[in-house]
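Below: a set of structures, written as structure tokens.
Each of the next two complexes has chain A plus one more chain, namely chain B in the first and chain C in the second.
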Partner chain A sequence: MKRTNVRYWTAFIILTVMLAVLLFWNINSGSVELSVAQIYQIIVKHTGEKTAYNIVWEIRLPRILAAVILGGALSVSGFLLQTFFGNPIAGPFVLGISSGAKLVVSLTMIFLLGKGIAVHSGTMIAGAFVGAMISMGFILLVSRKVKKMSMLVICGVMIGYICSAVTDFVVTFADDSNIVNLRNWSLGSFSGMSWENIGVMSAVIFTALLLVFFMSKPIGAYQMGEVYARNMGVNIRMFRLALILLSSILSASVTAFAGPISFVGIAVPHLVKSLLKTAKPILVIPACFLGGAVFCLFCDLIARTVFAPTELSISSVTAVFGAPVVIYMMVRKQSRSL
Partner chain B sequence: MRAFKTVFTAGITMLVMLASCAAAQGAETISGLTFDHSMELEYAQQFSVDCYEGGYALIDIVESGRFLVVPEGAAIPEELDEDITILQQPLNNIYLVATSAMDLFRAIDGIGSIGLSGTDADGWYIEEAKEAMEKGDMAYAGKYSAPDYELILSKECSLAVESTMIYHSPEVMEKLEDFGIPVLVERSSYEPHPLGRTEWMKLYAVLLGKEAEAEQFFAAQKEQMSGVTDSANTGKTVAFFYINSNGIVNVRKAGDYVAKMIGLAGGNYIFSDLGGDDNALSTMNMQMEDFYAGAKDADYIIYNSTIDGELQSVDELIAKSPLLADFKAVKDGNVWCTQKNLFQETTGLAVMIADMHRLLSGDEVPDALTYMYRLN
Partner chain C sequence: MKDYFVYTEKMSVGYNGKPLIKDIEIELQKGQILTLIGPNGAGKSTILKSMIGQLSLLGGTVYIGRDELKKMSEKDLAKKMSVVMTERIHPELMTCGDVVSTGRYPYTGRLGILSEKDREKVREAMEMVNATELMERDFSAVSDGQRQRILLARAICQEPEIIVLDEPTSFLDIRYKLELLTILKKMVREKNVAVIMSLHELDLAQKISDVVVCVHGDKIERFGPPEEIFSAGYIRQLYGITDGSYNAQFGCIEMEGAKGEPEVFVIGGGGSGISVYRQLQRKGIPFAAGILHENDVDYPVAKALAVEVISEKPYEEIRPETYEKALNVMRKCKKVIGCTEKFGKMNEKNRHLLEESEHLL
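Right, the complex of A and B next:
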């Protein structure tokens, strides 16, 4: 018991230290050289030369916080879906969330922007969120009729295919510029985040995360099996609805603000569970948040600095680091089953 | 006699005043500024410029916004409408994202005012821009959808000139404006006449105080074109297209400026019935079967290499689709390929039209023209 507690504490300390190191590294990295002392003055004392002040407060800090919050949200969403479906490669977008968001974004780009009608960034974000929620709505409808979890995954994938097919149909009539822009959006990015975005995403995501945390006990019971959970008093139907809703809100928020970001939701829960050597939700949920934040911060640092001023898409970087984890996990699972 | 002279002079004076009033009625009234004249624009329809005494100028870009250019050291008028953005001269370290604008800046000797580019050095075919980037006078600041805000801020950028692609990334525009960097979205791609695109150099000239240079250059462009556009239609048909990696043919719509250029050169664009659009830069994808049916009898083929890469021979063209071997233009040896610099060199449109005209008139032409070359 003591040993396991030490392990848990160590894991959380490691994650927290890594987060702190990456926060420090990120705030001190960028196209413009700023000294640690300058950044300290700007952040703590709110003094400094105007350009440097804007770089730190209006460019670096919102971006870093977005990577933390959205990375954490993706990771928790992935954990929820992997637990729910009992499938280790279930990710935040398995229910067609990103496809729904992409559909609405493509419609916005082609029918509004294609006519030269300017829209506010909030409209694009809201549109992506609405698209994601529409996909989620279909899944909720289907989940009422379907008992087997594997069927629900298939339905989610099918809904994703339908949304993608409609998007492709719409894109057929689009100008090349719209296709390029849609592709850019599909690759995901933390660029251009503002404090306004941080405010909205924090309100939505932290509320959802709190509710998820309060569901730790029923999730823990569900991990032992549906029958066990039912016997423990968990209302399976409500539990299922709540889980789909919360994981969808988390992944929809990420997609709305930063576009679809791959592999974080699949890889990080496994990394965290390996670190903690447990799947207890009460520990894994906060650890997943920290782990997702660390992973996204690291990947975003690479995406924006390695080839600056050219910025890599965040999905390219997360895939490069996340895919090996998935492969390792599959191989390990295979060798254990033998 | 004296009475007659007085009445005559008074009459002339009244007529002049009435004419001025008529001109002034179309101009914006700005408190504290006296309207002087409106810039004469012969082809451009997407912007207008009202000039005021003291060197002030109000630029109005259709569906894009209004900008008041304030001379260096001059006071900013009070009680301006909220939608008017102030551009205080001198405008240095401009962040230029709209690639078609670079050549216009070059024409008015304004490249020195551009400090940041949305295209890296390898992407430029305009030598002056390439040199400036290689020398370090112009820095690559990231593409339009993911600019390097830190670099832009550190260079004290005074203006961002974007294309309408920026509307797909509204958060970028908002972020730049939050930093106090005005964003001017150019709409030259919506000009129905090719010279209308070139005439945008007059707008950039207003920003830099180089109106005389712009007038001179534009007059030369018109001169170059006048001999061509006055001549009769040759009756020859031209197909302008490229084939993408999926084997789909991308062609221009009838209202596109390339189709217009062919018309001005005395030719007929082969797909003259393909739906028009508000956007003068409009293309569409077409299946090879439809393209074959519509273009196989075209007298001339011009292959657009700017997207797909320059072809070196007719065999390379036929490798994209064997059906092309059956085209009249291929059999007659009238296959031409554009060079990659065509769409960046906006000031070359008049030359391009003149070259097309030489081609279509049946004149003896060399295998290499300014912006295109014959495929053998």
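Right, the complex of A and C next:
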């Protein structure tokens, strides 16, 4: 018992240290160089040179916070979906849930912007949630017929393609100056976050995460399969509903603000579980949040600095680091089941 | 109120609203083991799944203690009943100890953190199934026998009053089968729990059960203590046995013997004939056996395998007419095998038969 506790502590300390380092690194990197003293002044004392102050407070900090919160939400959402489908390669992106959210958000935005109405963060989340639930509903229907997980993932990917195609189509033919932003967003990016966005996403995501954390007991039971979970006293119907709603809210919020971000939802929970050497939800859920934050901060750092001033889409970077993890998992799973 | 701990009233079970088995009336007291037997696909698992609330009932009621199953909350039910089902589970990165401790779920707090008392119960349960050394082992890496014991320990540490097991002995070798059933018997005796399970092994069902339920067709065909259920004729009918036979006293099966005119005459008795009968059966040679007393151990096997058995009433000396009959059969055979060299007052005539056979060849 002692040894495992040491492992858990170590894992959490590693993640926290990585998060701290990346936070600092992210604040410090960009087109304008800032010294440690300057950053300290700007953040803690709220003073400093005007341009630098604005860069930190209006551009870098919201972006960093968005990466932390959304990255964390995305990996927790992935963990929930993996538990729900009992398969490690389930995730909001591969199951087409992010793309469904993306489609509805684009439609909403084009419609509202076309009428000259400003789009509120809450509206975006609501739109994304509707889209996520539509994809989720479809996946659930398929999962009733198809028991094989690989088929389900293929269906999810197909849904993703259909939604992306429709989104691209709509975006291409919508000629409005705001559509430029929309295009950026539809590829996935943490840029252009306002403090209002951060406020809304924190409220929604942290509420959802708190609920998820308090569900760690039944989630743990559900990892043993439905039959045993029921026997342990879990109300399966309510539990499944809660799991679907919470994972959809989390991935919808991410999509609403940052567009679809690939592979984080699969890669991070896997890496976190390997680090902890356990799948106990009470540990994995907070660790997933930290891990997702670290992963997205790291990827965002690369996205905006490697080819600066050109910015990469966040999804391309997460795919580069996340997809190999997923391939590795699938290969290992296959070789073990043979 | 009835005196039973678990009972059903006119329970109907099935899938998608279509009843598979109707009017099920099962009654069981605490400290008893009830076993469901019946052919594959008869619906044993369906009955069990309905009794644990995994499938909704299509009619009737299940009572546990004094409560109706449908009206019990998930948590109350979890404290009364635990299960070991056939579904293979693949929990990720869980040690056997972790799996067992999931049995404490109904007793832990909001976040499911185990108290010292819970850990103690987990240890006790693992001791009960002789699996203490597996505590830290990865659950996905243990053998079938170990996995089944761990799942039983999980069920035990849930501190249930009734344990439901669906074919707990499938995939286990003989040692683990016996071990598992011994643990169940111990549970029943020490903790006074009720056990409901399904078994394929009739011999084990006959020996461990207090009550046997036979599922056949769309109903419970028989219900009662094993002594009433296990007759050769009924088992034959229940399972629709066409090749081979079932020995009710020993609960063992025999293959179908070779048919046709007997080619070999086997003189056995006192257990000496059995291995010869089996050899002949394996080689497909039709044979006759004699002269066996009806209370001889050789008799049931000979009866199952031989084309003809010449027998004498229990405890009687072999009568001349029986001897004549045996002689006639023996004369038609090409070969005679004498298995026994022990002759006494009762089977004196077998010695004559053996001597006679030497003249024949």
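Keep in mind that, in the parts below, the second predicted complex is superposed on the first by the 254 of 338 C-alpha atoms of A that agree within 3 Å, B and C clash if a C-alpha of one lies under 4 Å from a C-alpha of the other, contacts with A are read in each partner's own complex, and residues count from 1 in each chain.
In this text, a residue touches a chain if its C-beta (ideal position, glycine included) is under 8 Å from a C-beta of that chain, and two chains touch if they have at least 3 such contacts.
Note that the structure is a prediction, hence the values are computed from the model and not measured.
Between chain B and chain C, more residues of chain A are touched by B. In the superposition on chain A, A:A323 makes contact with neither chain B nor chain C. In the superposed pair of complexes, A:T278 makes contact with chain C only, with no contact to chain B. By the touch criterion defined above, A:F214 reaches chain C but does not reach chain B.
Legend: residue contacts after superposition of the two complexes on their common chain; A:Y228 is shown touching chain C, with no touch to chain B. Of the two partner chains placed around the shared chain by superposition, neither chain B nor chain C is touched by A:V170. Contacts of A:A126 after superposition: neither chain B nor chain C is touched. By the touch criterion defined above, A:P88 lies against chain C but remains apart from chain B after alignment on the C-alpha atoms of chain A.
Against chain B, in their complex, chain A makes its touches with residues 30-32, 51, 54-55, 58-60, 109, 113-121, 123-124, 172, 175-178, 180-181, 184-185, 189, 191-192, 194, 308-311.
The part of chain A that touches chain C in the complex is made up of residues 86, 88, 214, 216-217, 220-221, 223-225, 227-228, 230-235, 273, 277-280, 282.
Residue ranges on chain B touching chain A, taken from their complex, read 63, 120, 139-143, 145-151, 153-154, 156, 164-165, 167-175, 178-179, 187, 190, 250, 278-279, 282-283, 285. Those residues of chain C lying in contact with chain A across their complex are 52-54, 73-75, 77-79, 81-83, 85, 87, 89-94, 98-99, 102-103, 105-106, 108, 110-113, 154, 158.
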